[in-house]
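The structure appears right after this line, and notes come after that.
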Amino acid sequence: MPKRRALSVALIGTKFMGRAHSNAWRQAPRFFDLPADIRMAAICGRDRAGTSRAAKILGWEKAVIDWKAIIADPLIDIVDICTPNDSHAEIAIDSGKIGHRIYHFRARYAQDWIADENFPLVWRLQSKVAGSGALGDIGAHIIDLARFLVGEIAVVSAVSETFVKRRLTKNRQPARVDVDDAVSVIGKFRNAAILNLEATRFARGRKNQLTFEINGSRGSLVFDLEDMNRLRFYDATDSEHTRGFRDIIVTESSHPYVGNWWPPGHIIGYEHSFVHTIADFVKAVVARKRVQPDFADGLRTQRVLAVIQRARPVSSL
Amino acid sequence: MPKRRALSVALIGTKFMGRAHSNAWRQAPRFFDLPADIRMAAICGRDRAGTSRAAKILGWEKAVIDWKAIIADPLIDIVDICTPNDSHAEIAIDSGKIGHRIYHFRARYAQDWIADENFPLVWRLQSKVAGSGALGDIGAHIIDLARFLVGEIAVVSAVSETFVKRRLTKNRQPARVDVDDAVSVIGKFRNAAILNLEATRFARGRKNQLTFEINGSRGSLVFDLEDMNRLRFYDATDSEHTRGFRDIIVTESSHPYVGNWWPPGHIIGYEHSFVHTIADFVKAVVARKRVQPDFADGLRTQRVLAVIQRARPVSSL
Amino acid sequence: MPKRRALSVALIGTKFMGRAHSNAWRQAPRFFDLPADIRMAAICGRDRAGTSRAAKILGWEKAVIDWKAIIADPLIDIVDICTPNDSHAEIAIDSGKIGHRIYHFRARYAQDWIADENFPLVWRLQSKVAGSGALGDIGAHIIDLARFLVGEIAVVSAVSETFVKRRLTKNRQPARVDVDDAVSVIGKFRNAAILNLEATRFARGRKNQLTFEINGSRGSLVFDLEDMNRLRFYDATDSEHTRGFRDIIVTESSHPYVGNWWPPGHIIGYEHSFVHTIADFVKAVVARKRVQPDFADGLRTQRVLAVIQRARPVSSL
Amino acid sequence: MPKRRALSVALIGTKFMGRAHSNAWRQAPRFFDLPADIRMAAICGRDRAGTSRAAKILGWEKAVIDWKAIIADPLIDIVDICTPNDSHAEIAIDSGKIGHRIYHFRARYAQDWIADENFPLVWRLQSKVAGSGALGDIGAHIIDLARFLVGEIAVVSAVSETFVKRRLTKNRQPARVDVDDAVSVIGKFRNAAILNLEATRFARGRKNQLTFEINGSRGSLVFDLEDMNRLRFYDATDSEHTRGFRDIIVTESSHPYVGNWWPPGHIIGYEHSFVHTIADFVKAVVARKRVQPDFADGLRTQRVLAVIQRARPVSSL
């Protein structure tokens, strides 16, 4: 019997995403039949005590505080740079169920955690650390989605705003907010579909609403991450008498990924998409297949972000 | 006892809007205590037979086919130019329930009646008759709404597209479609709120979806004309433990207009908003108060439409 | 040309249902091509002044306060005893779209207008006037629906309760409430389907929720009167990959009745179902066809109500 | 430093619930600050190969096929008999947010996995193995809920049915189905609230719909397990103008349990409720507090099931 391959993983980051990715590495082998064993070798953070605690709680063999040591370590096979995948694309775009022409793609990533003007000036609100505000933090995800689901973007126009221009630092000193609180974007894809995007942290009541709607020549699809176990699908080829948006609970064994979890109607949560990404990633690495999204995807998305950041509306009334 | 005033009304139009307005003139005195009697004096159409039939079915005293005769008639008090009002504004904007600063206004008017590429080239798809496509036909309504609910618009950028560029006329001759099938608009209001509008006839499954969401400093409001008896309201001042969008059935006697119809939970339909408009209009005429929206409102909305029609996105990738 | 027939109608009742039926008689000829002219001849109420006012506002030729005069009048063709019809049955049961076997019928008519214990003792809460409480007032409607959509009922068991046993009269005298506040019923239809009904005026937040769900061998149907322009339909013969409850906006011209009103997506309201009933009724009268529901239907529903009123649960714990 | 306590756990079962509980034991220490270390010592199944595979995949130290060995093992602290807890009770009942009197409790557990008459006769459809059908398998959960949320049940009446009376075994032999396919129950709690329960495997389109609605004197609560991150709450003390069911996403840090997972709006899934149960259980064991539900709870629920199984409707029409 050939010896089964083992992959040694190191993770950089111990906070929100660090916890989500740790969970994904730990859970993936429990629910997916992976072609290699996973060794959670090292986690890398900024301070020794916190990183050691994270290693213990999150299940990593050792704690490291110098990321260069990880890159240099020949025993590490994978340094975790995974990003979430979308579990619904397979339904939408491969099967042509909404038609072969796409007319509209609109997406919105809306949160409200800084809508209170008394919320302090955290690092995400400073351009020297975060680069941009809502655009880069959450807008980047829907640009990824747009490119993944529809194709490359040809032209854009954008408007952005910093609604609360001064906030108190944690030391209660007033300081300027120099990133965008919200951005709204229109444009066209190369295939002539119309693009409409919005990223905001100022939509009261929206906690983590990543929603999109695609209208194609034969149907439409609607998704919302806050209700991620459902996909709404309109099939224009249904009879006029009985057609309407179908509220599909995507937990059947025929749906992608979820057959590895629970019976139909038993829903999954936010972190499961990370497990799916790890499972896909490990399979691709072992099979020496191309992994997507790759660095080139990241670069193209960054270019779109850069163009949006410079774009301004031109017509005054 | 003073003699009660009578208002003689003439209506121009016998089709969709003609039927809706006729119904409104007929129903308003049955459900609202109007300060004048309504006399449905004349309806004006294009051909004698059709207009006579309309007069009988829709309840007008006489049928006229020359609109100049109506304008010249000294016995006619009102020539019907009413447009729908919105029954929810009173909740939103006067009471400041969503806060005194508005951050986002987004609206979408989406239909799908020409999404089939075999749908014929009707008059609404010809610029010499219709002026523009989705923009003027349905986009105008959400620009009205934007101005009514938030204020004047300062700057815009737009993208539009004609997805199906050639269609067959009713005589089955191929011809060019020279109006927009869809338009997407971003911009800013004078008060710095971000504007995001979309009008389309190519959204499969959306029959008459006029939906808007407003995010203010203290809450949010969501409305959809397809579900027009409800208003969704998020109050950020509710306790964190129990706050969420409230699904308000706006049929309580304290809600505007509906107390004149049925008990709570007994919903009203599309044409009722026309009845409300007529009721408001008659009261304003008799009281010699200013009627809103007036011609100046119409002109301002037309200006926004004209600017949008010329606007183009500027940043290519 | 043969002279067109005229039908003279008299209506008994001037309040809620009187207004709804008056509206229906007035509107039916405007939106439906009826085979006879309608003459709204007389309305009958209890006091002269109120009935005269009702006649004027609601559009009846004369006001009458002795209902025997109406019954005796040979010029009256119709005395209004209409009750609402259901506009969705045609989709459900004739086409067999949910399969030829019905497994479950459950319905709930829920309101909350007397849930406040300080609400006064109105006539609907006194058995000598109202007969029963929630059971007869609103439960009767869902028993009608059950019989219309599924068939005759074979056996039932019921539980009822008067939650607030004493209330103040309008003169602020304490008095006993001797009708049911709520009733819950289970049973079986003759065809072995399980029945589950509930009528209550104590469901906070439910204003006029008449909702039902039918589960058949090939699909399910869900309806809610508060959202009466939609019908939710699950087709078990759809592919597993894309099946889900369809949210059908029943405003297409192919749907029953609504083609006479407005284009798709322009919704109708509560009173429209009365207009539909009148239109059906007039057509049946002129064609000398059987009208349904008829007196026999009323009697059968009354029998079910009587049995439910006496039924008691038997198994104590 | 005192040595931290370790708890050795053994789990009986390797299939659906075995996987869900294994996951819970594995995840609980990663997301909750437990007062003891967890040692996943042994898993017990029926055949050696399958149990060994389960031990490896699910993360147990050893595989056992004799459950008596586990019971007898003095090194095992806990034999897993946990059942899911409900994460929403804390909101509902302790705070009195829906009022101190409960009027209605209705719940429905609906699935459709055997609605196809060609589905084979699996063990769950045989009374000698399963005891009962929908009643014991899924109805038991909503009786638990009823008792947990409202209190003890005083009296019931029930109707049940086996819709498909003969099915093929896996060897394609016809055989009789001798358990219930569905059961509908009404009754009263000791506190006079009305009970309405339903458990069915014949509701097409319902995959795992465990839904309940409670109506109290001051408000209502609605929950659905298929949409388990939301709780709908109606507060009758809100102003008439703006009240409506609140759609609460229960992922704020102030909500029970979820603060240990992700930021607001990042939802959790089915198996997380098992993790919560384990976390509560371990804390109670270490603190030597009473664990709920306990054996007495199980016994009381079994008594209700037994009474329902014998109950029959009494009133024929």
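First chain written, first letter: the chains are A, B, C and D, and each begins at residue 1.
Assume contacts are C-beta pairs under 8 Å (C-beta built on N, C-alpha and C of every residue); 3 or more make two chains touch, one makes a residue touch a chain.
Model, not experiment: these values are computed from the prediction.
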Checklist entry - Chains in contact with chain B and with chain C: which ones? => result A, D
Item to check | Interface residue identity across copies chain A, chain D - same or different by half | outcome: same
Checklist outcome for this item: Note: of the two pairs A-B and B-D, more contacts are counted for A-B
Item to check | Between chain D and chain B, distance of the C-alpha-averaged centres to the nearest whole Å | outcome: 49
Checklist entry - For chain A and chain D, what's the span in angstrom between their mean Cα positions? => result 32
Checklist entry - How many angstrom lie between the CA centroids of chain A and chain B, rounded to a whole number? => result 38
Next on the checklist: Could you pull out the residues of chain B that touch at least 2 other chains?
Outcome noted: 206, 243-245, 249
Item to check | Touching residues on chain A, where the partner in the complex is chain B | outcome: 98, 101, 103-104, 106, 112, 115-117, 152-161, 163, 181-182, 184-188, 192, 194-196, 198, 200, 202-206, 213, 215-220, 234, 236, 243-245, 303-304, 307-308, 310-317
Checklist outcome for this item: In their shared complex, chain A is touched by residues of chain D numbered 16, 20, 22-23, 26-27, 29-30, 57-59, 111, 113, 206-209, 225-229, 249, 251, 261-272
Checklist outcome for this item: Listed in rising order, the residues of chain B that touch chain D in the complex are 91, 97, 230-233, 235, 238, 240-249, 252, 254-255
